[in-house]
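Heads up: the structure comes next, in structure tokens.
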Amino acid sequence: MDSKLEIAKSEPIWNTNNRVISIIAGLVILLFALPLFGMNSFYLHLFIMIFMHAVMAQSWNVIAGFSGQISLGHGAFFGIGAYATSFFYMEYGITPWISIFFGMFVSGIFAVLIGIPMLRLSGHYFAIATLLIGISFQVVFQRWDLVGAASGLWVTMTPEDSWSALQFHSSKAPYYYVFLMFFLITFFLVWLLSRSKLGYRLRAVRDDPQAALSLCINVSNYKIIAYVISAMIMAPMGSLFAQYILIIDPDRVFNIEISIIVLLITVLGGIGNVWGPIIGAAILVPISEYSRIYLGGTGGAVDLIFYGLILMIICIFRPNGLISFIPKDILERKKQR
Amino acid sequence: MKILTVENLSKSFGGIHANRDISFDVEEGSILGVIGPNGAGKSTLFDLITGFTKPDTGKVKFFDKNIFGISPDKISNLGVGRTFQKLKPFADQTLLENVMIGAFVKEKDIKRARDRALEIIDFVDLIEKRHHFAKELSTGQRKRLEMARAMAIDPKLLLMDEVTGGVDQKTIPGLVELVKKLKNTGVTIITIEHNINIIMEISDNVLALDQGKRIAFGEPKEIQNNKQVIDAYLGTFDAA
Amino acid sequence: MTSEIIIQAIVTGLMMGLIYALIAAGLSLIFGLMEIVNFAHGEHLMLSMFSSFWLWSLFGLDPLFSIPITILLLAFCGIITHYFLIRYILKAKMLIQICATFGLSIFIRSIAQLLWTPDFRNVDKPLLEGRIEIGSVFIGQPQLYASLVCLVAFFGLYWFVTKTETGLALQATAQDRHAAEILGIPSNKMFAIGWAIGLGCVGVAGGMMANYFFIFTDVGINFALFAFVAVALGGFGSIIGCLYAGIIIGLVESLGGLLIDPSFKLLYVFAIYLLVVIYKPQGLFGRY
């Protein structure tokens, strides 16, 4: 009897599959090297969009996948981030590197304000509230003169590439690296989170709130924590996106489509799984970018039809997403049968 | 020393009295068995003590601390663990992860929480199943999982809702042994049981409920001969 | 500001409120039955308005006469929705249920956009036209009849659910589908009926609104949002609660628009939602 316990105790806590680690390391090096091979600007753009959407979906994954609360208005935090950098740069000349944190902070505050009343209740209340919030932000910003109302903010262009203003006109490669860094950092942090005590407790809250309560877990506080973390991951992507396109308006950065696509990417890739958002983004973003090229911007409805269809099919047949095709023992969940 | 004192505890749902004026106390280190026909208010009583349902009136004291109407997470934090009649494992997580979530209450460090969880899993004899997902376990194993998870928070008082309910005859003796083993560790236990023989075997005291009211409270022998209890059960003593 | 204007706003709000109430009642019925929020409710409303529009534009059928057809189409649509989507996700996690109906809403709306373009349309010269004047208050005839029809339909629904055998079977299924199955009530059939009736309500509302509302592919979004709020205010699953909640929302919308700023109507309704959820989370009227 004791020996079995000793064997169990001597197991590593996490299965480390060396092959997976080397594949990931190789991919990271490859991602850093890619622009050196002279990628044209379309491919740079494609990768930037994949990084950005992967992080946005990861943000949604933290609230929905880890703690089980559906937010249907996550675009709000994206927009806050976008407006934070553009506004403070235009009005006060504050470098985006600082105002990114303003955006995160404001997003976090909003998440607390929304989370405290809504996350005490069953998930439907929260889903409906977030849907309303997403649209409310768009409505308010469309009419808020201080931030340019419906025409938005046109960021003054620096004459030359500038790291301090986070503007690059001659090449997209610097943007590529900035997005790549945020992507890697976010995924690393969320990966740590999923393995931490907090991560365990969030999954408990998601799987059975009542059982979690019986284990000293203050369920609503943990949901709020997850929502705040999620909001603070989303905001910097808005900030970087604003720096990337340099023109933002409510219809673009508060568009409900943002809330839709983060949900879609995560559900497609695998909700509740740290790697799900990467898989989802790597598949959906190219589809969306290519369809934009080949089908044109007219209506843009075709890719949405496709999105809606995928979402339903995944929900019916593969609720755990594409990642569930990969055997569990290859990923981090250890298994010894 | 009294670990739990309940006085005149009442709760009604829209005019229906689920619990009415219930009083009893539990001595530290003992086992209290709670019996009563279906709908007698046994599970409601558990919910009231552990804070899952807000009681209307009465007093609930854990040692000297008033826990009437406090939220469940705070009550469990004081050292009151529980299992559920309708089992609530974290289905998409392994047995080990389930118990670790409880173990985090006492151990902040992952490795130490893991080791603590393993010891408890070993205690409930499921060490070989540690990497199985909760949804893959049998009902009896999930009962053990819930007990292990509740033990992981290192409770002084453990409320167990129908340890032997819904499992087949072969599994019952093992679960009963486990309850006895658990008692030997010094934890106080309140258990709801349908099987009257088991209650008589393991309990130091028995609380009998019927239609939300206490009809008897005392040592198993007294209860066995109590007329009201016999009436309420109407001969089920023999059937059990 | 004169009292006439305020009375005018109250009347307008009341009339809109009755329509919201019926739309919400359909949503609430479905929720009460299977604890699923139909996030495509607004798109279903849009479909009913388009059904009315096309019946008028292709066959010259006035919206008033095409109402039965629209109701049947929507009821059919509900059965299809249940058959092809909902029955697969009945046992899924809430997360997946929300994503699935949300996916349906995206799907329907974008298909409609592809087929019918995002243009605004309206029915020219319907039978119900013009307005009547009571004192100094003007009431649009189509609006008036729409709200009256919705009110009648609402009480019809309420009668159906509380008095008829099928309605009682629906309620039994809502309370405990396993117990109901033991009594010989097939829950799958009940769910399909629930969807048919729930969307039938939307058919009534959409058909009547086609008389005076602009018809476009995004038209349902705001209505659906208000219906979600109404269902939460009325207490999830409560049908009669929807009536009060719908009226409250209609009044808040029109009075807020009059007294403060019409472009922030959504925010007022949202504020009500927040307030109710904070102070009375079980909804204003509890369940049933």
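Letters A, B and C name the chains as they come in the text, with residue numbers starting at 1 for each one.
Convention: a contact is a pair of C-beta atoms (placed from the backbone, for glycine too) under 8 Å apart; a residue touches a chain by one contact, two chains touch by 3 or more.
Treat the numbers as computed from the prediction; the structure is a model and nothing was measured.
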Taking each chain's centre as the mean of its CA atoms, the one lying farthest from the centre of chain B is chain C
Central chain (by mean CA position): A
Skim through the chains and flag the pair connected by the most C-beta pairs in contact. A-C
Separation of chain B from chain C, taking each centre as the mean of its C-alpha atoms, in whole Å: 46
Which whole number of Å gives the spacing of the CA centres of chain A and chain C? 33
Indicate the whole-number Å distance between the mean C-alpha point of chain A and the mean C-alpha point of chain B. 42
Pull out every residue in chain A that's touching 2 or more other chains. none
Where in chain B do residues touch at least two different other chains? none
Under the definition above, what is the set of chain B residues touching chain A in their complex? 50-52, 71-73, 76-77, 81-82, 84, 88-94, 97, 100-102, 104-105, 108, 110-111, 113-115, 118-119, 121-122, 127-128, 130-131, 149-150, 152-153
Residue positions on chain A within touch of chain B in the complex are 1, 4-5, 8-9, 13, 195-197, 200-201, 203-204, 207-208, 210-219, 272, 333-337
Contact footprint of chain C on chain A as seen in their complex: 64, 68, 70, 72, 117-118, 120-121, 123-125, 127-129, 131-133, 135-136, 139-140, 143, 260, 263-264, 267, 271, 299, 301-302, 304-305, 307-312, 314-316, 319
So in the complex, which bits of chain C are touching chain A? 37, 39, 85, 88-89, 92-100, 102-111, 113-114, 117-118, 221, 225, 228-229, 232, 236, 263-264, 266-267, 269-270, 273-274, 277-278, 281
